[in-house]
Amino acid sequence: MMRLPKLLSMLVTLLACAFLLVPTLQSVLAGITANYFRGISSGLTLKWVIEVWTLYADSIFLSIWLAITCLAVTLILGVPAAYALARNPGRLSRVLEEFISLPLAIPGLALALALLQLYGSQQGFRAHWSFILVGHVLYTLPFMVRAVQAVLAAIDLKTLEEGAASLGAGPARRFVDIVVPNALPGILAGSLTVVTLSIGEFNLTWMLHTPLLKTLPVGLADSYASMRLEIASAYTLVFFVMIVPLLMAMQWASARAQRILS
Amino acid sequence: MKETPVTARSFGVLCLLPLLIFSLAFLALPLVRLVLSSSEGADGWSVYIRMLQTPRYLAALLQTLLVSGAVTVAALAVSTTAGLFLTRNRFWGRSALLSILTLPLAFPGVVVGFMIILLGGRQGLVNQITPGHVVIAYSTFGLFLGYLYFSIPRVLLTVMAAAEKIDPALEEAARSLGAPAYRVLWDVLLPALRPAMVAAGAIAFATAMGAFGTAFTLATDIDVLPMVIYTEFTLSANFAMASALSIALGVVTWGVLLIARSLSGGTVAAGG
Amino acid sequence: EDAICYNCPPQWADWASMLEAIETEIGVSLPHDNKNSGQTFAQLVAEKENPVADVAYYGVTTGIKAGKEGLVEAYKPAGFDDIPEGLKDPEGKWFAVHYGTIGFFVNVDALGGAPVPQCFADLKKPEYQGMVGYLDPSSAFVGYAGAVAANLAFGGDLQNFDPAIQFFSELAENSPIVPKQTSFARVVSGEIPILFDYDFNAYRAKYEEDGNFEFVLPCEGSVRVPYVMSLVGNAPHSETGKKVLDFILSDKGQAIWTNAYLQPSRPVELPAEVAEKFLPASDYERAQAVDYAEMEKAQAGFGERYLNEVK
Amino acid sequence: MTLSLSSVAKTYGDGTRALNPTDLEINPGEIISLLGPSGCGKTTLLRLIAGLEVPDNGANIRFGDEDVTRLPVEKRNVGMVFQSYALFPNMSVRDNIGYGLKMQRLPRAEIQSRVDEVIALCRLEPYANRAITALSGGQRQRVALARAFAPRPRLMLLDEPLSALDAALRLELRDELAALLRQFGTTVIFVTHDQDEALAIADRVAVMEGGKIRQIGTPEELYRNPQSAFVAEFVGHAMPLSGEIRQQTLCLEGGELPLPDHAGGGSVYVRAEDLRADPTGPLQAKVETVTFLGTHYRLGLTGLTGQRMFALHHGASSPAIGDNLRLSIAPDALICLPHS
Amino acid sequence: MTLSLSSVAKTYGDGTRALNPTDLEINPGEIISLLGPSGCGKTTLLRLIAGLEVPDNGANIRFGDEDVTRLPVEKRNVGMVFQSYALFPNMSVRDNIGYGLKMQRLPRAEIQSRVDEVIALCRLEPYANRAITALSGGQRQRVALARAFAPRPRLMLLDEPLSALDAALRLELRDELAALLRQFGTTVIFVTHDQDEALAIADRVAVMEGGKIRQIGTPEELYRNPQSAFVAEFVGHAMPLSGEIRQQTLCLEGGELPLPDHAGGGSVYVRAEDLRADPTGPLQAKVETVTFLGTHYRLGLTGLTGQRMFALHHGASSPAIGDNLRLSIAPDALICLPHS
């Protein structure tokens, strides 16, 4: 019936897939090829991956640590705030929401610059991992707040709370018994997004990091600039291995949250 | 809640307090500092005038807007086509295609840059399979491809979410009234997708405006604004101009998002 | 003990070996750090009140500038007196640790059959379309040194950069790649077939990497430039930083440079087996020293012109 | 426990006067329905009683001897059933029902046994450990009732408890709800906009309109003796017989009708089921539409008054469209109101 | 135009047999209702007629003389009204209604005048230039009808056109829909699961169950002469009189009932309205519930058969709960089915 349009859109879809997939495959291949310039005929090897590990294990661990702490902080800051915003929809809430979402509109570089100029001279802070953490929290917090808020807005939170109140539960009890458990799909989706984004964050981190505190993507940038292609690729491979499962989980979780929304 | 004005309200305040403190300390104050910093150079506040009078900065802003705009349009075209195709056809391997198309969602800009080098660089596939030397990675086109690379998944997800919500009866209604396929697309599907496309386009645009890692890795000669800011910061440590340019970039991007939001009526957020 | 060096990249000037030696010999561990000279300077300025780094390594002009801005602390390590005049600040705010000579670092296999270029002028030929790389002269010191070399080659001097600007403008027609940071690996991998770089990087590739690499001293001539280090002012680990600097200028430290094809700043004789790996001395005669203080003065102006005029 | 409201009114923040000052007294164990069209203030009144809204100044709400006017909902000990049920999706059926008891910090064993009791009462045994999402609409309704009832509230408040169900199920559960509420034995106030529901379940019905209670009484009282045109029309769809009253005769377009003695000078209403086809009747009208509804036909008539009137016709066959039909109305079927 | 289906069946991709091979003939201008419980295949049949689904092999669908079996919907010239209305939100009321005419590439002026005509017919003048979002549910329904009707389709197909509306509005719009459809004069097929709707609107009703048409006939035929237990129960809620048949007598728990001659050896059904309180009646039962419904009381009875039965009671007062009630059933009110 709609032969030509369908064919065309299939072609576009396949081309887009190829565009996204081919270089990732190349990179995976390059990461395990003895000499990429000569091709696969030079043999497959894990030596580049091992070299990446010896060179960058610290960066990888730092990134994981940052992601976990970032998650903890965004949970503590974001979940109660999302609740308060969902319960009090109004101008003030909109303004606050808009404000904490600024890091999505202002380029990371500018934010990092702002942080550096204000806090760069606090030696103990500047050289501590928590300085990078602040950047990551700034950037990921809006995702947590939105994910939780979306779920809270979709379940009839007000009535649920009134139900609990009529059974004798005060505000804190309601938060623990009703709000948090029912926001869980949103919290989960938000958490996975936060962890994924934190592990991949570069724009802010590049400015905020110190030589002792290189995160995984900073290391990646380093290796792209100064290491041989095979090492850079092997490092990218390590990154994929970490991020792809997270991405899959993230999409699964937001699809699940989405189902609650509809 | 109204029934217990005091306790419920104070609990709400308690819930917001940590976030308020954090945002004040690490977002509001630094941004104020950034604005002040822009005036602390040799030019004082007239740094903004100088910014506007320096062709290089204006050219960079224009470049950035152009590349971001082009990427937005291209990503919308590609992702809407693919998104409609994937929502309206169920076939074996569909979810694999979907996974591939959303894979780069969390790739940092540097990785995206590297992907473009692998694709269009000297060792890239394009150079290997085309006769003669076709190295696209280090041109404006390479940068465009890089931005497109990370924009496709963002736009795709938003458009697909909207496409799935379109009532199939709308399309059937149009067909029952005699509309051929292209009219269904034009009269029903695209209008229904419009808010999502505006929202997704705004996200793609904002992300492209702020993208730094990709340009940094590709090291192309294209002076996009984030690269200029970076250079200002590192070249003779011109903090004032770097701050001023950052503010300009932030204001322009935020403004575009704001306009998009008022156009689409919904919530438009940048996807990082 | 920990200390921080800004801009000690393992893939450059064989800092990898140097950092390893510092760790084993004096027990100080320094993290790898990939900045360039400009970034290092900017970072020191930004952190002036409360520095992160203890020592810094950069091109000579950046060192001079850092000295002038008061970002560093005067320190004269053992061996300071052996460094020739002109290659150190009399007070010790900066001092050379090694030299390098600018030339073309060429990956012959990646030229796609084109001949190895011998002159700056060759690079403008269409056969090198997209193959030439140089570091951003407005940011990286190597880039600036390359620009000075090209400028001298085409008849300019430190007061007149017109020839360099013209050269880069013409080269722009050939779509060069202009990274901001050390790109040793990109030459090795063939991504950048021809890079303006120092002899020591090229020799390291030639003798230690798989592949076919050459170092070319351009026929029009070139420059040799010293790399310097400083003790950062108010450094958090000032004493450790001093130990590091002492070691680098010690015989042992200088020998490490030597083995990595660098010319040490203290007059140390090159071992014969190293010397024979260099281009013949006759070629090196084309490389001249310049007045580095003048070179520093001209840097900002040239950077600005480059950004504004080369497209 | 007697519930007494006096001068209870509510003005919302945006200035909407949702409830005018209202007095109301409800006896222990009574089942009261608040009936009225959308927006008339039913929910507002219920929420004021629950403590979910704060009344305007001057109000007084008493549960027996206790003044609860300023008490927040969590301290009032009332059981609420919401239209959407508002069951906690994160808890099992059991945990939902036990939540109120848990809030009272009863010992675990006592909670257990009281929950079991209520589960048995509401015939929820097979579902006790299910997730809320695994319940049908009717089962959810029973769980909501059980949850509200378990803490032995002083008062059960239900806001349109049946309106989330589809029509067929609603009919079925109406009887079940009525039976359960009677079994509970507590005082009950429930809100509905469906007259059948109110008539079928309540001991007394309060008909509301425009933020006021218009009339309160037993279902039969309201149906047979409406005190206002609004109540007559809302309860049982009485139709106005608009015409001129001359002495004791009502002159309509389709004939003249003697009025009973008690008819004042006001307006007269009749219900469709009381408009009888009668070959000797004093009235006549033309059949415009005929709708077969199984048990009877519904006839749309013109020419009787200025508006279209309806009559129900029982019988195997119906008059045809276009027929002229003679009609009569039994004198005691006329609803005579003092003034409209 | 006569619509004829023969051997039309549908098996979905996942193997669901939604419609068994069906034959159906619909006369020009007839209004046919497809009535049946959820999942019985009503929508499937409608969509097959529309051309929105492709039937299994062997099917034949004819519009008059034309075989349309393989024709896609856009070429069939049918008007569809969807449950959700599916109005184009990006177009005004006018543009929605004119869309089908535009697709026929009629001159602008003609579109204008025909749209005006349909707008007038559907009494949509005040809303013609409104956005769809600014319409109420009832107005939307009229626009959907007008849009489907404007291109003068050979057939109007409506899938549960009233079920998106709330109960009160649904009742009101039912008559309006019936009147409009009659005014259109085209052949109409509409789907519903509400028997009142089907009986009130249709000329003939096709009762479906499990992918089959069980019975097709006028509303009165279906109500009075159901051919199967399913139709008896679905149309008019007939209740089974389960007992033993000895010769011509039906022996129930609550008494014995002589059966008319035509009763076979099958099962016997009765409707609540035919179960009469009658002090001399042959049956007896106990009153368990009494529900006042305005026009009548509904009595829940036990002891008549094994299940609870219902009777309607007209009159000013009702029997009390617990009363033993004598009952009779008029012989021609018994529904006798050959075998269940």
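Going in written order, the chains are labelled A, B, C, D and E, and every chain counts its residues from 1.
In this section, a contact is a pair of C-beta atoms (placed from the backbone, for glycine too) under 8 Å apart; a residue touches a chain by one contact, two chains touch by 3 or more.
Fair warning: this is a prediction, and the values are worked out from it, not measured in the lab.
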Counting one step for each move to a touching chain, how far apart are chain C and chain D? 2
When A-B and B-C are ranked by contacting C-beta pairs, first comes A-B
Rounded to the nearest 5 degrees, what angle rotates chain D onto chain E on CA? 180
Of all chains, the one whose CA centroid lies most distant from that of chain E is C
Averaging only over C-alpha atoms, locate the centres of chain A and chain C and give their separation in whole Å. 37
List the centre-to-centre spacing of chain A and chain E in whole Å, with centres computed as mean CA coordinates. 54
Using CA atom averages as chain centres, what separation in Å is found between chain B and chain E? 53
By residue number and range, which residues of chain B touch two or more other chains? 1, 3-4, 7, 117, 123, 216, 233, 239
Among the residues of chain A, pick out those that touch two or more other chains and give their numbers. 1, 36-37, 117, 162, 165, 170, 225, 229, 232
Which chain D residues touch at least two other chains? 52, 72-74
Which part of chain C faces chain B closely enough to touch in the complex? 36, 38-39, 41-42, 45-46, 110, 112, 129-130, 136, 138-139, 172, 175-180, 189-193, 300, 303, 307-308, 311
Touching chain C in the complex, chain B uses residues 55-56, 117, 121-123, 133, 135, 138-139, 216, 219-221, 223, 231, 233-237, 239
Sort out for me which residues of chain E touch chain D in the complex. 167, 175, 178-179, 194-196, 199-200, 219-220, 223-224, 235-236, 271, 273, 289, 291-295, 300, 312
Using the touch definition up top, name the residues of chain B that touch chain A in the complex. 1, 3-4, 7-8, 11-16, 18-20, 22-23, 26-31, 33-34, 37, 78-79, 81-82, 84-86, 89, 97, 99-111, 113-119, 123-125, 145, 148-149, 152-153, 161, 165, 181-182, 185, 206, 209-213, 216-217, 226, 229-230, 233, 239, 242-243, 246-247, 249-250, 253-254, 257, 269-272
Quick one: which bits of chain B touch chain E in the complex? Just the residue numbers, please. 167, 169-170, 172-180, 183, 187-188, 191-192, 194
